[in-house]
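Pasting the structures here.
Below are two complexes that have chain A in common, paired first with chain B and then with chain C.
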Partner chain A sequence: MNETETALWWARVRAAGPQRVTSGDAFPAGMLRLVEPDVTAVWLLPAVPEGAGPGVTEELGLPLLAVEQPNDTARVLAACLRCCWVEPTGPMWPGAPASRDAVASVFTKITNRDEIASHRAMIAAIRRLAAAGWVLWDEPGQTVRLGPRVAAWGSADSSALRELWRLLPPATGAPSSDTGRS
Partner chain B sequence: MSDTNRAHPVFEPILAEVSEQHRDELLAAFAAVENSSHPVPEVQLLALRDATLRRNLQRLLHRVGRTLVAVGGTHWTSGYRDDVAAELTVSGWNALPVIDRAVLVLVLIHSVAIPRSQGVLGGDSWTSAQPTPADELLRYAQIQKGDVRAALQRLRARGLVQPAPTRGRGAGNGPAYLPGPQLHRLTPPARRALQEELILAAAPDSPLAAAIRARRAHPRGEQ
Partner chain C sequence: MRDQSELTLDDTAGEAAILRLYRQVFAVLAREAGAMIVDSTMIDVDEAILEAFAEAGSEGLTVEQAVAACRRWSAQVVGRRFEVLRDYGAISKVVDRPNERYHRAAFAPYVMLLFLRRMAEQGGQSELHQLLTLEQLNVKSANAVSADGAASVRRLTKVFRLLGSELAILAAGSTAETLGDNAQLLWGNQSLIDQAKDVHAVVLDRWPGLDRDCAALRIALAAYADAIDAAAGRLIAQAGTTRALGLLPVEAWRTFARSSSPEVLAAVLDRFIFDAPAPWFSPQDLIEAVEAGRQVGTVRMPPPRSDDTEPPPETDTGTVDDVEDLRALAERLLAATDPVSIVDVLDDAGDWLSARRVLAEVTAIHHHPDLDYELVWQDGVRIDVASSPSWTSHGHFRRGNRTRGDDG
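Presenting the complex of A and B:
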């Protein structure tokens, strides 16, 4: 792939989010290749050098685009992480699918809200997260998986998230061996 | 999970030419213009102030399909390279649904095109402080009002429209919108193309529209 094609791929992902391509395709320089569990497809995710990520923008005190309902969106992402990152000593991607009810049970435990309000907020947040590639939402099947963007978290982020995982309650009905494993 | 310590195949050819300190400055400026929701003041970052470093930043952005855009003489942001934007559009990579585009165009007509034609708004920017009342967007809509509201919500999430401040608009007025900060990312040719498309759509029989068509048919002398 030449420089023009590489630049075009980076721009495509900027415009439309992480892209799913067939695993045999040539892939653009500087991107992470995240192989789907069935190995027939890969997600392309741009990886910028350390010091060029969105976190730097925040350190500089510059404004970022505001997320709608930031608190609920973050809590739902945390609940998805708790359910889909089955083995937190290992990598997050690809993780395992989790049912909407499993995610809802974690979200309800951490928000302590009535079920109807909680459900509405959760679905809205899942849709927002899915639109941005943080989760993959199978609406007909009502299951959630972690999205390709989670692979952009560096090792420091992953350790912090591993701690968060341990603090969060497990999904109702999840095997108890799931909790507190280190 | 991302292996950021290895030499980056896209960034390294440029970064290898500069000192360690300038390398950090370049990366910080890259992060700032690519991720900040608003244009970045050049006083804040050396790689935006210094012409040589800024040229290197431009080369970095070029390699990922982007370019630097100057805003108001003292601020910078980034946008798609014009050749890349053209290619993305031709091959259908426009991420906005048709309804969102329609609502955005209405906001641009009310907040920018009309005030500009009245001489209230100068320059070629597509940002403005002239609010477009939500009623104005809903009144003539041939689609469901709920769909317009949903489109406004999506456009707001993308920074393409923003709620107008309520101060000075008087009590009892409904919500109103302004073009969002992401419109600063349009390059000068993209700003001009948008203006021309609006003229072609709004007044196809005008002499101005004829001139635009003629220039597009014979692009000699352009660039």
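Presenting the complex of A and C:
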């Protein structure tokens, strides 16, 4: 892969978020390769140093991109993390798929709201997160997986997230399938 | 000539910008020839006349032939411009004799016109760059002597003084709009200054004796840089308050946005890459959101109230009204005579300190809505140098006439 193609890939990733390519393709320099569980596809995510990630905007006091319902969206992401990250001592990606009900059970426990409002807020938040690549949302199958963007969290972030994982209640109801654990 | 009805504001603004430059450049020539350029059409006429000469070949042209070749414009205008061009030597007679009718044109004025067109379109910056490159070649050439270097440095000093002074005056005294219109003075300045510094370095290296001239050039460059800073500072401050997009007038932006093709509009962003607008969640965000979510819901907290119970506000804080006191005072004043003269009242009060209190009370009685007395001032004053209020206006204090049916 020559320099121009590398630059084009970087531009694509910066403009449209993480990119999915088939696993056989050459990949540009400086990108993380996140292999899908079935090894047919790879997500490309820019690998930036710890101090140069998106979190740096906060340190610089720059306005972050406003997301609707930021608190609910963050809670749903936390719930997805609790359900999909089955082994918190290991890496976050790829994680296991979790059913919507499992995520909903965690979300309901951490918000104490009535079911209908909670369900509506959760679906909206999942769609927002899926659009930004934080989760992968299989709408017909009603299952959620962690998206490629979670790999942008650094090691320091991961330990904080492990703490969060322990704080959160486990999912009740049907246990999620273990296909992704292997 | 252009049809007046077709003129739009944009056209006028564009022409005005071009004309401004033409006027500056032609002013020197025109003052001698007695003809100022007052319309960009005249430039077109000049160009057409010179074109006609180029077409005509070695024979030359008579005035009538030139007018015929430029029949797009009125014969009078073309004739006038022909005279002007002849006056300043752009056109001359083929043979210099009284009745010669054929004229030839010099090439230099046409070249100058071409330069002017370009300068009007691009603001003269590229010409300045070329001038600087030429000067550098001049001073670097092997057979250049000290006098060439001095002349070169002096020319550049003049150019930059003029540039800097114009900008400094604009920055100090004009409106931000005028400054924005003249912003071409601001563009590409760093490379101009760098080029000039290069010339300066070469000259100072080769002829150290020219240090005085070089110092003048340095000063001019520094003044220009200062003027740029001042002007840019003003423009930026202005843009910060008005959100006007800086250097161009608002209409220019609108015109560009409306009349451009999608390709042209997209080309503006060709060199930019935008990050996808994806929200970012730090782990702290997640933890805070989860912890906040737990607190919500189970128990509704009452809104905070202050701990110490304040005593209830007192009820009897009605407005204090001294209506009874005032009525008593009015009755006392009017006991003997009705109406009573103000002069007498104030005299009775004794010194000024008590007199002014009485005056204030009488005025209050007059204005009180519930009391039916009035104070009527009259012309004239009583002057008594010996007494404490040495002068007193005449006036009467009396019972009001509201009781008599007149409520005006």
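We take it that the second predicted complex is superposed on the first by the 172 of 182 C-alpha atoms of A that agree within 3 Å, B and C clash if a C-alpha of one lies under 4 Å from a C-alpha of the other, contacts with A are read in each partner's own complex, and residues count from 1 in each chain.
Keep this in mind: contacts are C-beta pairs under 8 Å (C-beta built on N, C-alpha and C of every residue); 3 or more make two chains touch, one makes a residue touch a chain.
None of these values were measured; they are calculated from a predicted model.
S.K.: Evaluate whether chain B and chain C can sit on chain A together after superposition, giving fit or clash.
M.R.: After superposition on chain A, chain B vs chain C: clash.
S.K.: Does chain B (first) or chain C (second) touch A:60, or do both, or does neither?
M.R.: first
S.K.: Quick check on the superposed pair: does A:6 touch chain B, chain C, both, or neither? Answer first, second, both or neither.
M.R.: So A:6 only meets chain B here.
S.K.: Mind working out whether A:30 is in touch with chain B, chain C, both or neither, as first, second, both or neither?
M.R.: Once the two structures are laid over each other on A, A:30 reaches chain B alone.
S.K.: What is the contact status of A:144 with respect to chain B (first) and chain C (second): first, second, both, or neither?
M.R.: Neither chain B nor chain C is touched by A:144.
S.K.: In the superposed arrangement, which partner chain does A:133 touch: chain B (first), chain C (second), both, or neither?
M.R.: In the superposition, A:133 contacts chain C only.
S.K.: Answer with first, second, both or neither: which of chain B and chain C does A:122 touch in the superposed model?
M.R.: In the superposed model, A:122 contacts neither chain B nor chain C.
S.K.: Is A:15 touching anything from chain B or chain C once the two structures are fitted on A? First, second, both or neither.
M.R.: A:15 contacts both chain B and chain C.
S.K.: Examine A:160 and indicate which partner it touches, taking first as chain B and second as chain C; both and neither are also allowed.
M.R.: In the superposed model, A:160 contacts chain C only, not chain B.
S.K.: Quick check for you: in the superposed arrangement, does A:84 touch first (chain B), second (chain C), both or neither?
M.R.: After superposition on chain A, A:84 lies in contact with neither partner.
S.K.: If the shared chain A is used to align the two complexes, which stretch of chain C, 19-27, 91-99, 217-225 or 253-261, clashes with chain B?
M.R.: Clashes occur only in 253-261.
S.K.: Once the complexes are superposed, what residues of chain A are shared between the chain B interface and the chain C interface?
M.R.: Common interface on chain A, chain B vs chain C: 11, 14-17, 54-55, 57, 64-67, 128, 153.
S.K.: Would you pull the chain A residues touching chain B in the complex into a rising list?
M.R.: Residue list for chain A touching chain B: 3, 6-8, 10-12, 14-17, 29-30, 32, 46-57, 60, 62-68, 91-93, 128, 150-155, 158.
S.K.: In the complex formed with chain C, which residues of chain A make contact?
M.R.: Chain A reaches chain C through residues 11, 14-17, 54-55, 57-58, 64-67, 70-75, 77-78, 81, 110-113, 128, 132-134, 149, 153, 157, 160-161, 163-164, 167-168.
S.K.: Tell me, which parts of chain B touch chain A in their complex?
M.R.: 1-5, 8-11, 15, 24, 27-28, 30-32, 34-38, 40, 44-45, 62-66, 80-81, 84-85, 87-88, 93-95, 153, 156-159
S.K.: Which chain C residues qualify as touching chain A in the complex?
M.R.: 273-290, 292-294, 296-298
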